[in-house]
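Heads up, the next two complexes both have chain A, just with different partners, chain B and then chain C.
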Partner chain A sequence: MATAIALHPLARWQTRFETVSPLAWLGLHAAALWPHWRWAGARLADGSDDPLGVAALVALLVWVVRREPLLRGAPRQGWVYAAAALTALATLALFHLPPLLGAVLAVLSLATALRSVMPSGQPWLPVAGLAVLALPVVSSLQFYAGYPLRVVTAEISTWVLQLAGLAAERSGTTMIVQGRQVIVDAPCSGVQMVWMAYFCACVVAAFSGLRDRAMLARLPAVGALVLVGNVLRNSVLVALEAQQSQVSDAVHQGVGLVVLVAVCAGVVGVMRGGRDAQD
Partner chain B sequence: MSRPLIPYQPLSRTGRVLWCMALALFSALLMLFWSPAHADDSEALKAESPYFAVNSSEPGTDRLPLKSTSVDVKIAGVIADVTVTQHYRNEGQRPIEARYVFPGSTQAAVYAMKVTLGERVLTARIKEKEAARIEYQAAKREGKTSALLEQRRPNVFEMKVANILPGDDVAVELRYTELLRPTDAQYAFVFPTVVGPRYNSPAAAADNGGAVGGAYLKQGVASNASFALRVSLDTPLVVKEVASPSHEVMVDGLGSTHAAVSLKPTDKPANNRDFTLNYRLAGDRIESGLVLYRGEGEGDENFFLAMVEPPKAVAPRQINPRDYIFVVDISGSMHGYPLDTAKVLLRNLIGSLRPSDTFNVMLFSGSSRMLSPASVPATRANIDQAIRTIHEMGGGGSTEIVPALKRVAALPKAEEVSRSVIFVTDGYVSVEAEVFRLIRQNLNQFNVFSFGIGTSVNRHLIEGMARAGQGEAFIVTKPEQAAAQAERLRRIIEAPVLTQVKASFEGLDTYDVEPLQLPDVLGGRPVVVMGKWRGAWEGRFVIEGRAADGPYRQVLTAAPNGRGPSALRQLWARQRIAALSDQEALEGGSTQKAQITELGLTYSLLTQYTSFIAVDQRVRNPNPAQTPQVDQPSPLPEGVSDQAIGAEVPSTPEPGALAALLVVLGVVVAGVWPSRRRRKE
Partner chain C sequence: MRRTEPGLARLGIVLGLTACALAPLGREADAGARASVAAPEWPVAWEGRPLRPLALGAFEARFAERFPGHIARMTDGEHTLVLREVREPTRMLHPAADCYRAIGYSIADTRLERDGQSQLWRCFVAERDGQRLRVCERIVDAKGEAFTDASSWFWAAALGQSTGPWRAVTVARAL
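So, the complex of A and B:
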């Protein structure tokens, strides 16, 4: 009987389907969402956004390839249904939503499909986070979050400089420090630092196997680190600008990189917090 | 609940030190060898800021202050004839050479120059530019007082006067004519008094052979020179309204066909912003008509000018989807009042879009940044978001308009969408030719409407952009004008009032007609045609087209026989030179040089290839080699700060994306790698 089933053409096809690698299924799923990737690729190529997403994409691919031997042959049904629903939503979004929102739905759909074949206990949130960060989101973040971040940065920097004994006041996103005007304009907003910090958090969490709930609990601390870091960077540079006639680009770069290293080191510490001690 | 334990071996002390050293070395190498993703202005020169430059060992004694400027304007019909007289006096101890840059109208046809030195009058001749330069240099070396007037840009002139002896009072008289083209039945005469400082990109500086604009007085420092301006208006219809939005004026003869306007005495400096005079005629009509001029001598050419009032705009019909890209200059020269005005303008422009329209905003200075990756629908939420962001932008940096324009041209666009690009800038750049070329190359992509904001904007750039982009130019000199100009743009772009426009003549043998092809007529703009004619003084001018409510036809008959205004000669030649210059900008190089030079010499017009030269035949300076050059400083345009001439507003940008990413990757690897190594162990 078993031989008869195995020899039946339908059964043979079924067997073939079941032996297809989960990565191949994911590849097919990704192909079904190609309009979103085409849009993201075009955005990447037209120069309207920094190509930071490539780093997140590479990290994501490395993570998936390394986990490939552990992926389940039989996906979990609940997650498959969720992935299908998200795919449908992403497709509908092509006609009704801005492309970026559609692409976010598409990467979440793919991440959900990945979740359906991942073994138990593996982190999913950092993987989904990396998938979203792989999209060209920096310009949009700059558009929607740039101004509030600039105002907050300028305001707290003003307090910091006042505490340091400098005459500082804020008007919009412009600061007058020691009588000298310094603008906290779009490139100063800290949006890039936001992306870097969350990228750092996702990569560390994904590769160190941090559980989703633990990661979620630590994300607010990441946000606080970014804010503190950007205020620190801005305050130091504004103080320098207010006291010198011209601050060189190398100093700008140097201060920015040092603060970024500190913030990312803090993020690594937060994401690994408690684990190392227990080790 | 226990966590899954990850094997971990802490680094030894030596390991930590080595790790820190490696990180420090990595950062140092980055700083040394990696060039950050720089904005376009990182290598750019700042706008020239020489202030009052005296090339002399005794700067306190070599002075040539401008004492006075007197402007006499005679407007007859739609033609303005302007005489500008400037008095200088050498108050120093030695003979000097003076260089002075000053503005003119973009439409000006400069046709005469006269230099008066005490009792001696030197009438300038038009010459080919290089020949004039050689003659000037020779006269200068020989110790003869001489004057050279050159065109730096179509609306910026440079005059040099050599061998001005101590105590000399020099009067330079310049004459030009221009055509006044009404908009919405309102006529405007503009006299620019100061050249705004122009930002030069490195490429443009090389092309221009130096920066445009001369020395500047510091912000808030007024010129000591007096300024007087008189306008006499002679029109066939009664003058109804006369007002100046820029200056306080006294008006006589309102309600008659002859009016006189002069500046009201005031303590406020009058020569640091454009003088603008607006007037309307009775019945709110545009002065339509066919004006003929017959040459004075046998064989002289005859010229005509036809101006036709278009039909009034009608309610907009069903129109194609429209997309608007607002490109806003936030460079240093826009800081303060111009940017504030731009914000008011944008609030009005974006706020008046329909929900079916889409829009995007690009802010540019040294680099450009789109506020949204792609155009977004003009919903209330999107408009509010854009306005909030625009409201808080500050000015700083250079004016890299060409990269911004290239980026706009590269934006993808659906075929059925009609795209309009609205530039908002003071135009303080000197890359006009490249900008015009880029716009012309992308005409199938968008129309260009340009808003010049400031008290003394670069009208050549603003108007040239609109001309190249088949759009319209708008000048906003005060925040309170922003709403009206935004409304005007909205009315214009809603629907063209006349399409498929054709002009023809009956009973008049015409040739060399300008323009060769008539564009669609947008709201409130008259059709203007100029050219030459042969034969008898008679004929009719017929304009035909398709208006919103059907075919349109208007016929004009020639005014009674007579001689007509001679200014038509220069106006026609100026129009032809402008067309040839546009063509040359499109083709690159000096392809139209011969034709432009010939026109300049024939009609005695200042062009980019012809100059006015006046030389006194007496040797007045026995030691001309010791003559220092003095730059006569101009006041900065009102509302323009020192930032426009080099003082950038500092900011605190984040480090370059690539360097930051490499650093973060280093930290990430450092954070993940120890735990993996320990797990293996």
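So, the complex of A and C:
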């Protein structure tokens, strides 16, 4: 009887698919989502977005390669179906949604397929986070979130400068400090700082084995660190601009770099804190 | 409840993945679906000098096929103007720096500047193969209110604080 089933072509294919390796399984999912990778590659190649996503992609690949011996030969069916459903949604998104939203569905589908072959207890949230950060999101974040972030930053900076005894008020993203007009411009939105902070959070959580629930509980602290850092940077630069005719690019870059390093160090500290959260 | 055979389930998934991989091949270009709003009246002079129209470059022409509005390229002999007009807030009205990066320029020295009429512009230097351009841009709404960055324009337009049509003016001159 068994021989008769094995001879049937469908049964032969069925047997073959039972022995597909986890990486080959992920490769099949990735291949089905090819239009999204082509779009992301074109965005990366044409230089219209910051290439920060390459760092997230490298971190993700290193994580997968290092965990490869632990991956399950038999994927969990529930996660397999979820990944398949997300792949179908990502394919439909090609026809109905902007490319970036479709690509987010695509990377979530791939991350879900990875979840289906990951052993129990491994962190998945930072892996999914790295997959999203690997996409060319910075330019779109700047477009959609840049202005709201600058308004929030300018408002809190106004309070900070008032507390420091300076005459400060805000209108939109323009601040009047000591009678001098200072515009909180696009680079002050902190979008790149947001990307770097969440990248650090995902890398530390993924490689230290931080549980998903613990990571989720710490993400608000990451957001708060970014906000504090951006307000601090903006307040210092606006105060300098209000007192000098022109603040040099080197000072802008220097203050930005120091604050960025401090924020990233804070994020690493937050993610590494608490021994019970690691597996 | 009877569980599906793992091999059979995988076969079904692989067939589904194959369908997903093949489906985009049948996608047709949506170029003809854009609203056929009449082209706007473009300016005939720039700072007192007459403008003459230029053909769109290859990159601009490709972009214009998907652009939900109108694009014109003109020159007064010294400056090159690219005008983009839209009637709805859209991500496609992105900063000029993104376009210049996309065609291989490096961007530096970005700053806000006021012109002779105290109008605020976002300006930067674009450089490629030894060619340096000073590029300035702003977005102006139907009431003459201007925006120097796409994000603040998008939110003002989306929240009804600015009325269209909106025109993005990008002015480039060789350095």
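Here, the second predicted complex is superposed on the first by the 255 of 279 C-alpha atoms of A that agree within 3 Å, B and C clash if a C-alpha of one lies under 4 Å from a C-alpha of the other, contacts with A are read in each partner's own complex, and residues count from 1 in each chain.
FYI, a contact is a pair of C-beta atoms (placed from the backbone, for glycine too) under 8 Å apart; a residue touches a chain by one contact, two chains touch by 3 or more.
This one's a predicted model, so the numbers in the text were calculated from it and none came from an experiment.
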{"item": "Clash-or-fit label for the pair chain B, chain C on chain A", "value": "clash"}
{"item": "Which superposed partner A:Ala32 touches (first chain B, second chain C, both, neither)", "value": "second"}
{"item": "Partner chain(s) touched by A:Pro98 [first = chain B, second = chain C, both, neither]", "value": "both"}
{"item": "Per-residue contact with chain A, leading partner among chain C and chain B", "value": "B"}
{"item": "First, second, both or neither for A:Phe143, with chain B first and chain C second", "value": "both"}
{"item": "Which superposed partner A:Gln253 touches (first chain B, second chain C, both, neither)", "value": "first"}
{"item": "First, second, both or neither for A:Ile183, with chain B first and chain C second", "value": "both"}
{"item": "Partner chain in contact with A:Trp159 - chain B first, chain C second, else both or neither", "value": "neither"}
{"item": "Chain B versus chain C as contact partner of A:Val268, first or second or both or neither", "value": "first"}
{"item": "Partner chain(s) touched by A:Thr87 [first = chain B, second = chain C, both, neither]", "value": "second"}
{"item": "Clash-bearing segment of chain B, relative to chain C, as chosen among 165-173, 363-371 or 543-551", "value": "363-371"}
{"item": "Residues on chain A lying within both footprints (that of chain B and that of chain C)", "value": "46-49, 98, 139-140, 142-144, 146-147, 150, 172-173, 183, 185-187, 189, 249"}
{"item": "Interfacial residue positions of chain A with respect to chain B in the complex", "value": "42-43, 46-50, 52, 55, 98-100, 121, 136, 139-140, 142-144, 146-147, 150-151, 172-174, 180-190, 192-193, 196, 199-200, 203-204, 207-209, 211, 214, 233-234, 237-238, 241, 246-247, 249-250, 252-254, 256-258, 260-261, 264-265, 268, 271-272, 274-276, 278-279"}
{"item": "Footprint of chain A on chain C - complex, ascending", "value": "3-11, 13-14, 16-18, 20-21, 23-24, 27, 91, 94, 98-99, 101-104, 109-110, 112, 148-152, 154-155"}
{"item": "Complex interface listing, chain B residues touching chain A", "value": "3-8, 10, 23, 27, 30-31, 36-37, 42, 363, 369-374, 376, 385, 388-389, 391-394, 396, 407, 410, 412, 649-657, 659-661, 663-668, 670-672, 675-676, 678"}
{"item": "In the complex with chain C, residue positions of chain A that touch it", "value": "10, 13-18, 20, 28-29, 31-35, 46-49, 74, 77, 80-81, 84, 87-88, 90-91, 94-95, 98, 139-140, 142-148, 150, 172-173, 183, 185-187, 189, 249"}
